[in-house]
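Two complexes, one shared chain (chain A), two partners (chain B, chain C).
Now for the complex of A and B:
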C-alpha cells in the first residue's frame, strides 16, 4: 500500500514533466504577448518528429535532442513573427482562433507527411530497471525526468534571474514604456519564443523516446492541458506553471489509480480548470488585479 | 451526373449546419461572446432527441423542441459562467466544455458509449415518413423560422442591447442595460438553435456517436460562421454552403478537410475578418447602399472612415 503511493507519486511526476515543460513555454509567451499560444503543442509535436528523423539518420540520442529543440525553436519564432506580431492589435479571441487553426494545420501537416499511424521511436540505449522498496524505476525514466526537469529549471532560472529574462518580465508590465526605455522589444519577444519553443521541442523528443512512439495527434492532449496548467498556475506566473503542472500530473495519476476512470483524464483536467476559473478567475497562484 | 438523392443529402446537411451556425452567430456575432464549443450544444440536442425517441418512444415533434430546450438550459449555465470571464478565458472554458460533454457521451451507457445510438426513427407526419426531399423541406422550414427570429432580433431591443454590449460593456451598463442578463440570453439562444440543429441531424443520420460532436466540429462551425460573416443573417448560410460544398466539388480537398478549415480561418482572420457578407464587409456595404440609396452610403462610409 505504502509503496503504491510512492509509485503513483513517481508516475505523477513523470506525467507532470511534459505539462511543466509546455506550461513554462506557454507562460513566458503568454506573459509577453498576452496570446494563448495553442500552436505551442504543434511546435512540440514537430520537435518530436524532427528529433525522430535526426535519430533515424544519425543514430545519436544527443543529436536527436539538439535537432528537435532547434527545429522547434525555429518553428516557434516563425509563428510569432508571421502570425502573432501582425495580429497584436486584434481582440484576444482572434489570435486565439488563429493559434488553434495553426495547431490544427501543424498536426494535420504532420499526419499527411509522416502518416496517421504512430511511429516506433526506440533508442538503442540498454534499459536497466530497479525495484527499491516495491517502487519500480528504470534508467530511461531517470534520463527522461532528469533532462526535462533540468531544462525546465534552466528556463525558470533564465526567466527569473538573468538580465534578459528580467527584461522580458518588464515587458509584461508595459511594452510601450519598455520601448521608450531603449529595450529592443522585438528581439526580446523572439528570444522568449525561441526559449519556450526549444523547451517544447526537447520535451517532444523525450516523450517520444520515453513512450517509444510518436504520432501526429500527440499534441492534442498537451495543447489543452497546457492551458489548464497555466490557469491553475495563474497566467504569467512562472513558479505557478511549475507547481500547476505538478499538481495536475500527480492528481491525475492518483485519481486514476484509486478511483478508476470516472471521467476520462482529459475531461477531469478541464473540469478542474473551469471550476477554478469560476471561483478564482485570476488562477490559483495569480494575484487579483 | 449528380444523383438527386445526393444533392438532397448535401442540401439537408447545409441547412442543419447553417442552423447551428446561425445560433453561433447570435452568441459570437451579435453579442461578441466567444464560443468555441458550439458542437457540444449540437450534441446535447442530438442525444436528447435520440434518447427520447428511441428509449421513451416520444414523438419526434415533441423531442425536437425539447432538444432545443435542453441545450437552452445548459446554455444558461455556460452563460452564467461567461459573465465572470474575459474573452480569451471564456474561449478556453468553452473548449473545455466541449471536451467534457464529449467525454460524458463516450463514458456513460445512456449515450451508447463508443457505439452511439442507432435506429433513431425518422419523423412521420400524417402517416408519411419524412425522408429525403420531405426531410429537406422540414429542415428548410425550421431554418426559415430561425432566420425570421434572427431578422426580428436584429431590429429589436434585444439585438440593439447585444450590439451595445459588444461595442462597449461599461457604456451599455451605464445606459441601463442589464449586461449580465443579455450575455446569458446570447448564450442560451445560440445554444437553443444548436440543440434543434442537433435533433435534426440525429433524425437525418439515424445514428449518432460521441465523435460527431468533437472539438473539430466546433472548429468547422466556427469556420462557417466567420467565413460567412459575423452579424449577418445570411452569413451562416453562405458559410455553411461553402464549407460543405467545397470538399464535395473538389474531391481531393475532402482528404485535406481540416487543413482547408485551418487555412480558411487563418487567411480570413488576417485579411478579411468580416467574412463574405458580415457587417462592414464589402458586400454588406454594397447591399446596404443598394437598399438605402446614395445618401446613406456616404454616411456609412464616413462612419467606416471614422472607425478605422
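Now for the complex of A and C:
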C-alpha cells in the first residue's frame, strides 16, 4: 500500500515532465508577445515526427533528439515571423484565432504527410529496471526524466539568470521602452521562440520514445493541458509553469488512481484549474493587477 | 392524289413513324433489364477512407476488393462478375445516410457492405432495411445495428460475445481467479468489460480491479499500479492497438502475469508499438492467420501485396462480408434483394477468412467459432478455438 503511494508519485512526476516543458515554452512566448501560442502543441508534434524520421534514418537516439529540437525550433521561429509579428497590432482574439488555425493545420499536415496510422517509436536501447522498496523505476524513465527536467531547468536558468533572458523579461514590461534603449527587439523575440520551440520539440521526441508511439493528433491533449498549467501557474510566470506542471501531473496521477471511475482523467485537470482560479484568480505565481 | 388525301397520307406516315420511334425506345428500354442481367452484379460498400479512422476504412476496402477479385477470377457468381461500388463516409452518419440513398437509388446495388464503425453503420442500417436491400456489417459491434432489421446482417463478433469469450478464456485457459481489467470508455469497451466480468464470475473468478480510460490515453501506470497492488493473476486490456503501450507499462511495473486483449489489438501495429513486450499477449479475435485453407492464405498474401503490411481483423471481416453475399446470391440463384436476404438466413457452415460461420441467427448475427491468437516473435499465431455454444451463440 505504502509503496503504491510512492509509485503514484513517481508516475505523477513522469506525467508532469511534458506539462512542465510545454508550459515553459508557452510562458516565455506568451510573456514576450502576449500571444496565446496554441500552435506550440503543433510544434511539439512536428518535433516528434522529425525526431522519428531522424531515428529511422540514423538509428541514433541522440541525433533524433537534436534533429527533433532543431526542426521544432525552426518551425517555431517561422510561425513567429510569418504569422505573429505581422499580426502584432491586431486585437488578441485575431492572433488567438490564427494560432488555433495553425495548430489544426500542423496536425492535419502531419496526418497527410506521415499517414493517419500511429507509428511505433521503439528504440534499440535495452531497458533495465530496478525495484526499490516496492517502487519500480526503469532506465528509459530515468533517461526521459533526466533530459526533460534538465532541459526545463536550463531554460528556467536562461530566462531568469542570464543577461539575454533578463533582457527578454524586461521586454515583457514594455517593448517600446526597450526599443528606445537600443535593445534589438526582433532578435530577442526570435531567440525566445527558438528556445521555447526547441524544448517543445525535444519533449515531443522523448514522449514518442518513452510511450513508444507518435500519431498526428498527439498534440491535442498537450494543447489544452499546457493552457491549464499556465493558467494554474499564472500567465507569464516561469516558476509558475514549473510548479503548475508538477501540481497538475502529480494530482492527476493520484486522482485517477483513487477516483478514476468517478470522473474521466481530463476532467480532473480542469477541476484543479477551476479550484485554483476560485482561490487565486491570478494563478499561483501571477501578480494581481 | 388530291391535297386532302396527301394530307391524310402524310399524317398516317407521321403517326406511324412516331409510334415506331416510341416502340423502338420502349423496346430498347425494356431490353435493358436483360442487358443488365449480363453485366456485373453491383455490391455497394462504405467506409471511412479519409480522416481519423481512414486506416481501418482503407483496410476494410482492401479486404473487400481482394474477395471480389478472388471470386471473379474463379468464375464469378451466377456466371457474372461482381463489382464493388464504394464511397467514403468520412465517419459521418450524415454521409453514410446519403451514401445509402445513392447506392440504392442511383447505383441500384443488389446488396451493400459496411466497412465502417458502429455510429455510421447504425445510421445507415435503417435505410437499407426500409428499402429492402440487404446490408452486411463487417465488424461494427453495436447490437442495435442488426436489431429488428430483417435486411441487416453482421459477420463480425458482437461485443457481448467477445466479452463472454474473454471471461471464459481467462478461467478456462489461464486458470485465472483474480482478474484486473482496463477498458476503453466507449460502448465497445464497456460491453466487453461487463460481459467478461459476468462470465468470469459465473465460472468462479473475481474481478479485483477495473478502470476505464479515454481514447487518447498513453499513460496507464497509475491504474496499473493500483491493479498490481491487488495481486491479480491475469490482466485484461480492452482497447485498440494505439493502447499497446499499456502492455509495456504493465511489464515495466513488474506485472508478469498473462495479458488478454481483444479484437482491437488485432493489427500488426500492436507489435510495432509494444515491440518485444507484445510477445506472449493473447487476444480474443476471429482471424486465424495459421489457417491451412487456400483462400485464407491467398487473402493474407494478397493483402500484404496491396497494403504493404500484414492483414488485420478489419480486412478479414470485410472479405467475409463479400463472401457471404456471393454465397447467398449463388444459393438464391437470383440478384433480387429479397431473395438474397432469405438466402443469407439459410446459409450454413461458411468458411471465411475469419473462420467458420455456422449460421446466421434470426437476429441476423453470425454464429461462429472464436479464435484466441498469441503473439510469438512479434507475430500472431493460433492459440485456441472456442466452440462452446453457450459462449459463441449471439444473444439474438
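Methods note: the second predicted complex is superposed on the first by the 280 of 289 C-alpha atoms of A that agree within 3 Å, B and C clash if a C-alpha of one lies under 4 Å from a C-alpha of the other, contacts with A are read in each partner's own complex, and residues count from 1 in each chain.
By our rule, a contact is a pair of C-beta atoms (placed from the backbone, for glycine too) under 8 Å apart; a residue touches a chain by one contact, two chains touch by 3 or more.
Since the structure is predicted, the reported quantities are computational estimates derived from the model, not experimental observations.
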Touched partner set for A:231, first chain B, second chain C, both or neither: first
Touched partner set for A:59, first chain B, second chain C, both or neither: neither
First (chain B), second (chain C), both or neither touched by A:253: second
Which of chain B and chain C A:131 touches, first, second, both or neither: second
Partner chain in contact with A:120 - chain B first, chain C second, else both or neither: second
A:213 touches, of chain B and chain C: first, second, both or neither? second
Which of chain B and chain C A:266 touches, first, second, both or neither: both
Touching both chain B and chain C, residues of chain A: 261, 264, 266
Chain A-facing residues of chain C, complex: 51-55, 185, 210-214, 216-219, 221-223, 225-226, 228-229, 241-242, 244-245, 248, 252-254, 269, 271-275
Contact footprint of chain C on chain A as seen in their complex: 1, 4, 7-8, 11-12, 14-15, 115-120, 122, 127, 129, 131, 136, 138, 141, 207, 211-213, 215, 217, 220-221, 252-254, 256-258, 260-261, 264-266
List of chain B residues in touch with chain A within their complex: 34, 36, 81, 84-89, 91-93, 95-97, 99-100, 102-104, 106-107, 216, 219, 222, 226, 256, 258-259, 261-263, 265-266, 269-270, 273
Complex contact set, residues of chain A against chain B: 36, 83, 86-87, 90-94, 96-98, 100-102, 104-105, 108-109, 112, 224, 227-228, 231, 261, 263-264, 266-267, 270-271, 273-274, 277-278, 281
